[in-house]
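What follows is subunit A paired twice: with subunit B in the first complex and subunit C in the second.
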Partner chain A sequence: MGQPIAVGFFGVVAIWFAITVFRTSSMVRSALALLAVMVALGGIFLALEAEFLGVLQLMMMASEMTIMAIFMVMYMMDPGGLGQMEMTHQKRSAGLVGALGALGGVTLAVFVAWGGGATVPTPTGQLRLLGLEIMGRSMLIFETAGVTILVAMIAATAVAIARWR
Partner chain B sequence: MTALLFVLLLLIGAYVVTVIERWAVTGRIDPVAPLAGALALLATESIVPRRPDRTLFDAAPVLMLISAVLAAAVLPLTSSGIVVDLATGGLFVNAALVYIMVALVMAGWGADGAYAMVGGWSFLGQLIAYSMLIVMPIAAVAMRAQSLSTVAIVQSQASVWNVITQPLGFVLFVLAAMGASFLPPFDLPNATALAMGVAGEYTGVRLAVFRLGRLVLVVTLATAITVFFLGGWLGPLLPGWVWTPVKTLVVAATLLAGGRYVPRLRQEHLLQWSWKLGIPLALTNIAWVGVTLLAVR
Partner chain C sequence: MTLTLCLLVGAVLFGIGLYGAFSQTNLVMIMMGVEVMLGAAMLNLVAFWRFLHPQAFSGQMFVLIVMTVMALEAAVGFGLATARFRAKGSVEMEEAAELKG
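What follows is the complex of A and B.
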């Protein structure tokens, strides 16, 4: 009984902060509200006994969202929202897409036969399985992604240095 | 019961660390000063700066305290004396510590002051410098323990402590821990040159919570060094529940006193040293641990 309540609680928290993202005119508040959404999703992972994914979500999103916040501060005209800048646009189409997405999500949740009673591996077992997956059939995917990101980082640094000089 | 004892120990640890910090600065041991200072702060008016982002300004000190406490909750006092023994304990320490940065950014932004904001954002840069040097040494100690559980990491040091087998990782982790707790010479976010930076706009009870959070953070990181590298509760003669606090206090005293003899680092130098020297050394440490583990097997 505790698990559905925890999942529901974190779900409501995630939706609440997702709405907050668009209700504020401060870029930093918006980014930190998005971080709160991600923290709530991490809470859902933990409630679903996916310990590693939950902790990883909490760890990665904190620095990513804050770095996003500083880029928004650097590039936006009114990062503090003191000028009451309008943050939303294309409201009608965005609302329609949002409503359709929510409807699709609810339909999937309610009408799909998800099954039940699946055995969740122990947290230690999950780590072992994840390690075997990464070092096994998914190794090529992870290595390719890693090298691609590294190349992008080096290229971005090289471009920045070239302009600076 | 374990949770209550844990909170009590953290508070005692924060008190002792304050005494040590004052000794490191003034050269005098004054056991009454922390209590008098705390009472004075609580009695002072908590002034709010002009046009703050009130939510962020108020939430930041609390978030800092909660993050430090959560990180400490997965660190063991003894083999059974731990609040939560997570299978991902080593990773969780790092996850909780990242929110210290979020709290400082919130404190800097929320105060609506130039110095505070520079201090807050500069800690984001500092995180980019030190975070890899937190994660990679933890990965190396987890390799030896074959587990991310902090209890298993201490148990893996029964024959020889990690500080002996992984000296490089130890040095990097200690430096990164000083960076994470913004102790000198890494005290960029609250430097005197920035009029105390992120802490500058706080007064009264908010400043008291901010300082308590910082002190608990120092205790947490000193405990993390003890658990990951100095054998945790393991030691001769004395019982385990004595060894962990004793080692933690020695580490905390070293962290607080050591940095005061080194000039404060500039932001760009910190990043340069960290990325050009620190990360290659951390990778070397991981490779070294891998080779030694294979050789021993």
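What follows is the complex of A and C.
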């Protein structure tokens, strides 16, 4: 009973802050708004009874967005947004593309008969099943993802410290 | 009904992310648009897992992969931003027209 209400509430919060990300001229505020979007998504995950993913989302995004805020302050000419610098281009076509994308998704969401109504395992059962999935059938995928992220970390650092003329 | 609600939220978030990725001039802000889009994709995956296949945990596995992709995107993006900032002194993409083929 409470599930649709919780999902709706966190959904509205997520959409509101997603709009804020691209409307505010302060970089730190927009990084924090993105963090709020991700926290709201974590709330939806928890409301959908995916406890592990919800908590993981909250922890990962809290650290990721904090790092993002630091980088924003480092690389922006006007991180505080005090100069009211124009930071957008091709606003109209971008808005059109965004509206079309959202409209397409909404059409699919509303007009497809998705079915559903299945019951989920208990949190403990979920953890057990996810562990079996990760360490069994999806082991190769999981390991590959780990190695890929390690390679990306090393490569990104190498690019960042390389000497540029 | 809740599934439709989740998909609606995901669709709107995806649209906003698309707008952000196309309209922003700063590399870091473009990455934020991509992050919003990936968040919408994750929401859809969790909703589909919950309401259509709660016994199949490949769905949650897929969410973990998308989270990895988000972290990768941030790492690669910031690596590029650092390189670009050192070479040119800014990450404004309006000034990156020399990358045009």
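Basically, the second predicted complex is superposed on the first by the 152 of 165 C-alpha atoms of A that agree within 3 Å, B and C clash if a C-alpha of one lies under 4 Å from a C-alpha of the other, contacts with A are read in each partner's own complex, and residues count from 1 in each chain.
FYI, a contact is a pair of C-beta atoms (placed from the backbone, for glycine too) under 8 Å apart; a residue touches a chain by one contact, two chains touch by 3 or more.
Computed from a predicted structure; not experimentally measured.
J.: Should the superposition on subunit A be reported as showing a clash between subunit B and subunit C, or a fit?
T.: Taken together on subunit A, subunit C would fit alongside subunit B, as the superposition shows.
J.: Just checking: does A:26 make contact with subunit B only, subunit C only, both, or neither of them? Give me first, second, both or neither.
T.: first
J.: Applying the touch criterion given at the start, work out whether A:124 contacts subunit B, subunit C, both or neither, answering first, second, both or neither.
T.: Only subunit B; A:124 stays clear of subunit C.
J.: Of subunit B and subunit C, which one contacts the greater number of residues in subunit A?
T.: Of the two chains, more subunit A residues are contacted by C.
J.: If we overlay the two complexes on their shared chain A, which of subunit B and subunit C does A:44 touch? Say first, second, both or neither.
T.: Touch status of A:44: second partner only.
J.: Of the partners subunit B and subunit C, which touch A:36 in the superposed model: first, second, both, neither?
T.: Neither partner.
J.: Applying the document's definition of touch, where does A:103 land relative to subunit B and subunit C: first, second, both, or neither?
T.: second
J.: For A:52, using the defined touch cut-off, is the partner it touches subunit B, subunit C, both, or neither? Pick first, second, both or neither.
T.: In the superposed model, A:52 contacts both subunit B and subunit C.
J.: In the overlaid three-chain picture, which partner chain does A:67 touch, first (subunit B) or second (subunit C), both, or neither?
T.: Both partners, subunit B and subunit C.
J.: Once the two complexes are aligned on their shared chain, state how close subunit B comes to subunit C by Cα atoms, in whole Å.
T.: Taking the overlay as described at the top, subunit B lies 15 Å from subunit C at its nearest C-alpha.
J.: Overlap of the subunit B and subunit C footprints on subunit A, residue-wise?
T.: After superposing on chain A, subunit A residues 52, 56, 67, 126 contact both subunit B and subunit C.
J.: Given the complex with subunit A, which residues does subunit B contribute to the contact?
T.: Residues of subunit B touching subunit A: 51, 53, 55-56, 86-88, 91-92, 94-95, 98-99, 101-102, 105-106, 109, 112, 121, 124, 127, 131, 147-149.
J.: Which residues, counting only subunit A, touch subunit C once they are in their complex?
T.: Touching subunit C from subunit A are residues 3-4, 7-8, 11, 14-15, 18-19, 21-22, 27, 30-31, 34, 37-38, 41, 44-45, 48-50, 52-53, 56-57, 60, 64, 67-68, 71-72, 74-77, 87-91, 93-95, 97-106, 108-110, 114-121, 126, 129-130, 132-134, 137-138, 141-142, 145, 148-149, 152-153, 155-160, 162, 164.
J.: Inside the complex, what are the residues of subunit C that reach subunit A?
T.: Residues 1-20, 22-29, 31-33, 35-36, 39, 42-43, 46-47, 49-55, 57-58, 60-61, 63-65, 67-68, 70-72, 74-76, 78-83, 85-87, 90-92, 94 of subunit C touch subunit A in their complex.
J.: Flag every residue of subunit A that touches subunit B in the complex, lowest number first.
T.: 26, 28-29, 32, 35, 51-52, 55-56, 58-59, 62-63, 66-67, 69-70, 80, 82, 122-124, 126-127
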